[in-house]
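In what comes next, subunit A is part of two complexes: it sits with subunit B in the first one and with subunit C in the second one.
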Partner chain A sequence: MLWVDKYRPKTLDHALVHEDVAQNLKKLVTEQDCPHLLFYGPSGSGKKTLIMALIRQMFGASAEKVKVENRTWKVDAGSRTIDLELTTLSSTNHVELNPSDAGFQDRYIVQEIIKEMAKNRPIDTKGRKGYKVLVLNEVDKLSREAQNSLRRTMEKYSAYCRLILCCNSSSKVSEAIRSRCLNVRINAPSEEQIVKVLEFIGKKEGLHIPSGFAARLAEKSNRSLRRAILSFETCRVQQYPFTSNQTIPPMDWEEYISEIASDIMKEQSPKRLYQVRLKIYELLVNCIPPEIILKRLLYELLRKLDAELKHEVCHWAAYYEHRMRLGQKAIFHIEAFVAKFMSIYKSFLIATFG
Partner chain B sequence: MLFYGPPGTGKTTTALAIAHQLFGPELYKSRVLELNASDDRGINVVRTKIKDFAAVAVGSVQRQGGYPCPPYKIIILDEADSMTEDAQNALRRTMETYSRVTRFFFICNYISRIIEPLASRCAKFRFKPLSEEVMTSRVLYICNEEGLNLDSEALSTLSSISQGDLRRAITYLQSAARLFGSSISSRDLIGVSGVIPLEVVEAFFTACKSGNFDLANKEVNNIIAEGYPVSQMLSQLFDMVVEAADVSDEQKSRICKKLGEADKCLVDGGDEYLQLLDVASNTMRALCNMPEEFSYSN
Partner chain C sequence: MGKKRNKVVVLSSSDDDERHRHRHRSLSSTRPPSTRSKFSSSTVPRPNANPSRSKKPRLSDSTSFLFKDDTSDWDEIKVFCEDFDDTPIGFKVSDGSGESNQKELWVDKYKPHSLEELAVHKKKIEEVKLWFEERLGSSKDENTSKVIVITGQAGVGKSATVHAIACHFGARLCEWNTPTPIIWQEHLHNSSAGLRYMSKLDEFEYFVERVRKYGLIPPTENMESKESIILLIDDLPVTNGKLAFERLRNSLYLLVRSVQIPTAILVTNYGEADSGDHTTQYLEELQSSLENAGACKVAFNPITHNSTKKILSRICRLEQCKVSVDQIDLIAKASGGDIRHAIASLQFFCVKPSLAHPISSPNRPIMDKGFPLDFGRDETLSLFHALGKFLHNKRETENVLESVGDEFSVQERLARLPLKMDAPEKILCQAHGQARPIVDFLNENVLDFLSEEAIDDAWTVASYLGDVDLLLGTFRGMLARRNEAENVLQSAAASVAVRGVLFGNHHPMPSRWHVIRRPKLWQVEQLSLSNKKEMIKRRYDTCSGMSSSNFSVIATEYTPVFKWLGRGTHESLDSRIDMMSLDDQESVVSEDEIEDW
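Now for the complex of A and B:
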């Protein structure tokens, strides 16, 4: 079992980071009822962990017995029927699903499936906790129509269904939904907190961690706890006992992008552009999300540039990223960015050195 | 009738209240059809479901238990601005033909999304954002009923962060009450509302003023890592820029122009980090009077 899963806190009391949020959530559910919740924060900050712990707090240990179901739904959309396949993760009291998986058909998921689930009232013999919980992941990827459809469902069936929404950026969730939820902001853990968690895991595993090593791991992790723990485990596999100056293996795609960046800096010509295109294709084929490539590329380029150029470069990065959202094929836009950068940089070089 | 106005001003509540008052609990089910965005409302539904419901005549019932029970039915179309134009067009004739037996209530946020022929067939009612007095009295009423303790500072904070949206105010109040018990201070309210603390915005603004790109970049990274919503950040930055005394009008207009563009990009789904960084760089260039255009381009 990976350490990330092994040391995932199971209850709200055991949370190592975000203790204050965990305590607040606990207070929230001990009074039997809870509002709709919207968790937002960067990835690797512990949103999912908190949600799972919260559900456990609500329903006890039975919430841990989950089964994965792959169901096909037949949705009647006027003149034709649409087959939708959706993976759900459910226990007796909660259902977890990822509505944005359906792509442009997510509207039907919200309108039909979620509504259907929300309508059915769970029966409890003891006559309490008469509500169930729907966990929706990645709500920020839902289309506008789907979000609109969610609005009334949230109000109408709020008597016996609670929605827990989880997303990375709450800017992309419509105002109407945000005003219906209790918003819970989960910030990325600070480096000290990551160090604390790493030391905790080290102690449990019986490992000796030299001073400064955990701090370096935390620094490399970009404040993502998941990444810190994963690279900690990688280091453990690579070399043990740890030495304080042990190299922490960087992600290979990051190295690849930094290679691309130095390629671009060295030569600005159509030929080089062609070579870079091949490399970017390589990354895309390996399922690195295009916006991550662009962001990382910007990061690498910014490190090497003069201050006056930085403004221009970051403007174009934002411009092409926006274009990428609107368009279909990512490669055009990343390549356009690279070409734009080359032309800016070249004219800068000519202006400075003649 | 056509109700329009920002969220949380009581449009749906009013429409439902009218329907209830007209028909009473017994006839309500058979006389009122409520459709909202969670129901499919394509052109097919308009042609079949709505038309069928509208076409059925109703017998005139004498007053029942104090309710007037007029001889017509009501169709409430909630969130009508999310209906397609085709569907709205299909409604036009239906509305006229069956106007004797069926009345339509449209509810929407943006009247500009309702096509003109529909709007001209309705009596329009604009719902303004609620004034502070109305909101205060309602919040105080709820506090009384629920036994909450709210001081005057918290009250004014509540009305300022909810910006005339009563539902939001009540949600905040309820969340704060759940989390912090019965006495609520203005800090608790800010905590649950997701408003970004003033220090963070100020730090961002100072970093932009300093003219140091790397400093601003660090600040942007920090904001993203803390998980603050960037759209919220933009609107708070906007308030700050407009009110800032030491910024010239030209600088303000440059910054605001960029804020508008960034907001549009965010709505389209642009990346938060890149947009905020772009805003930071533009703000910095405006504040430090650097040229707007790139100087080396030929």
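Now for the complex of A and C:
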């Protein structure tokens, strides 16, 4: 098991970061009925950890017995039936899923699963009718239709289930949903907090951490706790005992993108554009999301760029990122951005150096 | 053609029936009756048992065939029919010797009877003739195969060639005639009478079996002991599904292996454009299996433009109708190498003005302008041909229309020379292109056609293709309900894509040999989907189902770590990447390579 999973706090009391939020949540569910919740915050800040601990708080240890299922739903959509396949995680008391994996058919998923949950309500030991918890990840990636249908079902079935929504940015969640939930913002942990967690893990694993090494890991992690722990473990495999100036291995796809960036800087021609396309294909095959590719590519290009051009390049990156979200095939837009960059950069070079 | 019962019987009103009965014989026999013998089973009604009933459909069909494209001119059709009735000429059985009568289809009337009359290329005729000569002359050597397979598109004279050659050698031509289809009522009647239904395939198998075992026994009445026989299988039974096809193939295979009489099997190739269905695949498979069995294969090409023209003008001379050279040229071009079609068109063309002179006169100028004639075939292009046109981007060397519209002068950098091709939309239409695949193909290949330095052009093209992607993405998920909008969007998107590429490629490469690649994007999409499933599964396995995470997190953070940690994931991922970069798929893909057009 990865350290990330191994040292994930199981209960709200054991939380190492966001202790205050954890305590508040605990009070919320022990004292009264729980409202719908919306957790938002940057990636690697501990949203999922809190959610899982919260569910455990609600239902006790039984919530930890989960099974992974690949389920198929048959949805009746007017004239035809659609088969939807999705992976779900479920225990007796909760179901967790990523509705946005269903692509543009996500709206059916949300409705269908909530209806189904409403049908078989669990009854607790005292004979009271209980409720189930539905955890929806990546709500910000849901289409607008899906969010609308989510809002409706939320109202209709609120007696039967509680929704816990989880997303990175609440700005992409519709106002209507936000106002029906208790919003919980989870900040990215500070570097000191990350260092504290790393040292905690080091102690548990019986490792000696040289001074400054944990701080470097924290700094490299871009304030993502998950990332910090993952690279901590990688370093452990690479070289132990640690030295304080040990290299922290970067993610392979990030290296690959910086390679692409230097390719682009070296030559600007249709031929090179074609080579770049092939490299981007390789990233896509390995399932790196296109938005992240574009973002990272821009970051790498900006590092090497003359300040004069930065503004224009950023403008075009934003332009193509937007179009990428509207369109279907990301590669067209990434390629258009690369071509535009090459075109700008080449004319800049000609203007400067003749 | 005569088998179908066409609905257009309306043409002949009921009181015409008497007269039809008189005339049926002139229109009926398409081939010299002496050269045919029937091998149909007993369930088939004998054609001359009740002539007026069995022949009428054919008559009405032939008229409707002539007027198929021209349903609006009802008056003319009536005139045509009356005219038909007004000229009572008694006919003998037409043996095609050139009796001048207007009522026969010219296709039958001018059917070639000697090898010289054939429009097929001399070499091909020679090849087939030689083959038959060998087989007919010395039937001693048992090793040589007795089957020839002649392929070619419709109307290139496959049957005509075999008939002419049979005539030439004085051989009797025995033909497998597909039995008439049984309609449901008949079937009910038969089955109540205790007759079992036999499918056409069954009958064909039975026939082949018989021929293999016993050879053909010529009908006794006019038997000359020395007469040689050629077996002709013109009409293979239609097979539907794999099972039926296997049966057909097996029976043909056996036929090829063991038949003792020289046999010709004719296979009609359908155009590339129709290759959507499975029949073409089946036919190709069939041909190769026949060849494997030892059959000799001769492929007939479409009739050349010149020979079509020659034939047409000969017919014009014989019929004494005045058709200008241009018009003949046009008809020949429109026929696309289908001589039967060309002759039928010519007849139609000649019939029209003489019959309804006052009515059709306004039509004439349209024709003279070289407007596409209303009997032409639709021209089709293969997808690769169309893509080649777009990618090569042939343009005039200088602007001819320069000083025409000064008020709309375009900026220097936006101006392009006129295209050396039809409107792109027309080409798209001819290629039956779907927007999505066309865009993918263009995107994959266009960079090869840009000149070294033209990165600005690359950007223009890329941004247009991006626009297309947006257009195609607009209504996703709501396709079912908005078919109309979808169609418009599709064509608009295709048009934007093609014009974008044509406009953007301002400095095209000097033309040279290029291979059109299949879009790698398709492969990438599939691979990434399967990878995604695998990654999710692995993630769940390792965390033993404790939590799910965003997929992007799995891909960008967990997977690289797994790789570092080398938890058995290493090999599978790397091998996948290797597979990607091997590019083995690529070379297989396009045999349709594109040269300079």
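The criterion applied here is as follows: the second predicted complex is superposed on the first by the 346 of 354 C-alpha atoms of A that agree within 3 Å, B and C clash if a C-alpha of one lies under 4 Å from a C-alpha of the other, contacts with A are read in each partner's own complex, and residues count from 1 in each chain.
Everything below uses one rule, namely that contacts are C-beta pairs under 8 Å (C-beta built on N, C-alpha and C of every residue); 3 or more make two chains touch, one makes a residue touch a chain.
Predicted, not measured: the structure shown is a model, and the values here were computed from it.
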Determine, for the superposed arrangement built on subunit A, whether subunit B and subunit C clash or fit. fit
Return first, second, both or neither, reflecting whether A:L182 touches subunit B, subunit C, both chains, or no partner chain. first
Between subunit B (first) and subunit C (second), which, if any, makes contact with A:M1: first, second, both or neither? second
Scan A:M342 for contacts with subunit B and subunit C and give back first, second, both or neither. second
Between subunit B and subunit C, whom does A:L326 touch in the aligned arrangement: first, second, both, or neither? both
Look at A:H315 in the shared chain and tell me whether it touches subunit B only, subunit C only, both, or neither; answer first, second, both or neither. first
Please work out whether A:K271 is in contact with subunit B alone, subunit C alone, both, or neither, and reply first, second, both or neither. second
First, second, both or neither for A:K304, with subunit B first and subunit C second: neither
Is A:K119 in contact with subunit B, with subunit C, with both, or with neither (first, second, both, neither)? neither
Just subunit B (first), just subunit C (second), both, or neither: which does A:K204 touch? neither
Please compute the subunit B to subunit A to subunit C angle from C-alpha centroids in the superposed arrangement, rounded to the nearest 10 degrees. 90
Determine the nearest approach in Å between the Cα atoms of subunit B and those of subunit C after overlaying the two structures. 9
Would you please give the residues of subunit A that touch subunit B in one complex and also touch subunit C in the other complex? 78-79, 326
Residue numbers on subunit A that touch subunit C, as the complex places them: 1-2, 5, 8, 43, 48, 52, 64, 66-68, 78-80, 87, 89, 96-98, 101, 104-105, 137-138, 143, 226-227, 230-231, 233-234, 237-238, 249, 251-253, 268-271, 273-274, 277-278, 281-282, 284-289, 292, 320, 323, 326-329, 331-333, 335-336, 339-340, 342-343, 346
Per the contact definition, I'd like the list of subunit B residues that touch subunit A in the complex. 7-8, 36-40, 42, 44-45, 78-79, 82, 165, 167-168, 171, 174-175, 178-179, 192-194, 212-214, 217, 224-232, 262, 265-266, 268-275, 277-278, 281-282, 284-285, 290, 294-298
As the complex stands, subunit C meets subunit A at residues 443, 447-448, 450-459, 461-463, 465-466, 468-470, 472-473, 476-477, 480, 520-521, 524, 527-528, 531-532, 535-536, 540, 542-553, 555-561, 563-566, 573, 576-577, 580-581
Spell out the residues on subunit A that touch subunit B in their complex, using ranges where they run on. 24, 27-28, 31, 34-35, 40-42, 45, 77-79, 110-111, 115, 145, 148-153, 156, 169-172, 175-176, 178-183, 185-188, 223, 291, 294-295, 298, 302, 307-308, 310-312, 314-315, 317-319, 321-322, 325-326, 344, 347-348, 350-351
